[in-house]
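Reviewing the structure listed below.
Order of writing sets the labels: A, B, C and D. Residues in every chain begin at 1.
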Amino acid sequence: MKDYIFKLRMAVRDYECDIEGIVNNANYLHYMEHTRHQFLLTKGVSFIELHRRGIDTVVARINVQYKTPLTSDTEFDSCLNVRKEGVKYVFYQDIYRVEDEKLCVRATVEAVAVVNGRLAESPELDMMLK
Amino acid sequence: MKDYIFKLRMAVRDYECDIEGIVNNANYLHYMEHTRHQFLLTKGVSFIELHRRGIDTVVARINVQYKTPLTSDTEFDSCLNVRKEGVKYVFYQDIYRVEDEKLCVRATVEAVAVVNGRLAESPELDMMLK
Amino acid sequence: MKDYIFKLRMAVRDYECDIEGIVNNANYLHYMEHTRHQFLLTKGVSFIELHRRGIDTVVARINVQYKTPLTSDTEFDSCLNVRKEGVKYVFYQDIYRVEDEKLCVRATVEAVAVVNGRLAESPELDMMLK
Amino acid sequence: MKDYIFKLRMAVRDYECDIEGIVNNANYLHYMEHTRHQFLLTKGVSFIELHRRGIDTVVARINVQYKTPLTSDTEFDSCLNVRKEGVKYVFYQDIYRVEDEKLCVRATVEAVAVVNGRLAESPELDMMLK
């Protein structure tokens, strides 16, 4: 496993699996969003608090490679790195099955700050890079 | 708007919006999955029927650009083209807001057939290309 | 089928089904919420618009009987009646499979108006009873 | 807080909140399902394993009282008791906010065993009562 600045251990919930018995592909985006928000909290940044102050984090682009499907009764580590490129925050997010450290999903998520409805720099969000 | 081989008109459901008042980014994957499955049905191919016969369609890669967020009380057209490249089915999926034909999401979804647990060619799925 | 003041025809989306191949029980609450909000719109009442003006509709109690499970590739009619009892709006919501008019779900949903954070009467919401 | 035979600590995920900033009412059913399945696992009973052997647990009735809404960045304890009444398993499920032990949701969930498509007794599921 590579080095990451943040890891969150989670478990598959049965309702997240579809009829094929594997986690539905949309739910990985939920896992990754939750991971980003929990990471932000460790930096003292609350997604909701920022929203109330008119600062929204908006996802602009997502690239997901599905490598190995997660199934029921399975734990996984949702891992994250982040880098700023221009106005974009680029999150590198990988999900590994705990039992064998197998890579399940590899993703890049690009987000931007929207302040009072307009694309903007946000010193508040830049806190996550510190 | 470009030419598409399939279009599905849908409406945003309020529970699909998050605290920012916009459709959560994961839900677009749900819209696009539903569009693919409805498209397959028009070709006489049922995702569920195939699953029962041991033929699963598995998403291998997704690339989504979020252009304009959808909001409550809004109708949209979920549009689709598809092409086969090697063993992959590549879906080109765009979502437009109905009221002004504004492009909301542009995505590429790559899927493969898994037959009895192994990557395989599936004449049944190839029906969608006819 | 009984008489209802509002009906909405919908189709099961495959991602709403779980590994048992039936619609997950939580998703019926989504169907019913969407039905209520669409009903409100026919009365000129937008859930989101009200929210922006400080008027929230909050569900206080739900009673659901699951009679026959909905499955993939199935259409259903989501039907609604409503009555006011004190400060509560009581919605009677039944879901029928289209193909044989079989009753799938029978529910009672009690909601109240919360205005600027406090339980209150809302003439705006009472519009739905007219 | 009352006595319970099983408790699961969870945290609200932001995508589970709707535009009102509170957890959408359907998501509590997800929390409660996950709690039941985790409880079953502590008794050596896997919902998915049983499904593969033709034994499905099907929810027949749900009664939910929403007392205090959960919001973002909040932890909660999902608590459970269970009793058998005839062929039904009756789960008493309460959700408390961790910070002040405030009762958020009080629910009764009735489930039955369906074996090879028919309502039946299931010694495998009865294991949860031991």
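Heads up, the rule we're going with is that a residue touches a chain if its C-beta (ideal position, glycine included) is under 8 Å from a C-beta of that chain, and two chains touch if they have at least 3 such contacts.
This structure is a prediction, so every number in the text was calculated from the model and none was measured.
Trainee: Among the chains, which is located farthest from subunit D on the basis of C-alpha centroids?
Mentor: It is B whose centre lies farthest from that of subunit D.
Trainee: Determine which of the two chain pairs, A-D or A-C, is joined by the larger number of C-beta pairs in contact.
Mentor: Looking at contacts between chains, A-D has the larger number.
Trainee: Centroid of subunit A to centroid of subunit D, CA atoms only: how many Å?
Mentor: Spacing between the chain centres: roughly 27 Å.
Trainee: Just curious, how far off is subunit B from subunit A if you go by their C-alpha centres, in Å?
Mentor: Going by mean C-alpha positions, subunit A sits 22 Å from subunit B.
Trainee: Can you check how far apart subunit A and subunit C are, centre to centre, with Cα atoms defining each centre and the answer in Å?
Mentor: Distance between chain centres, rounded to whole Å: 32 Å.
Trainee: Would you pick out the residues of subunit B that each touch at least 2 other chains?
Mentor: Residues 14-15, 17, 19, 21, 24, 26, 30, 33, 48, 72.
Trainee: If we count contacts the way the header does, which residues on subunit C are in touch with subunit A in the complex?
Mentor: Touching subunit A: residues 14-15, 17-19, 21, 24, 26, 72 of subunit C.
Trainee: Which residues of subunit A touch subunit B in the complex?
Mentor: Those residues of subunit A that touch subunit B are 19-20, 22, 24-27, 29-30, 33, 48, 51, 56, 58-66, 69.
Trainee: How about subunit A: which of its residues touch subunit D in the complex?
Mentor: Going through subunit A, the ones touching subunit D are 13-15, 17, 21, 30, 33-34, 37, 41, 46-48, 71-73.
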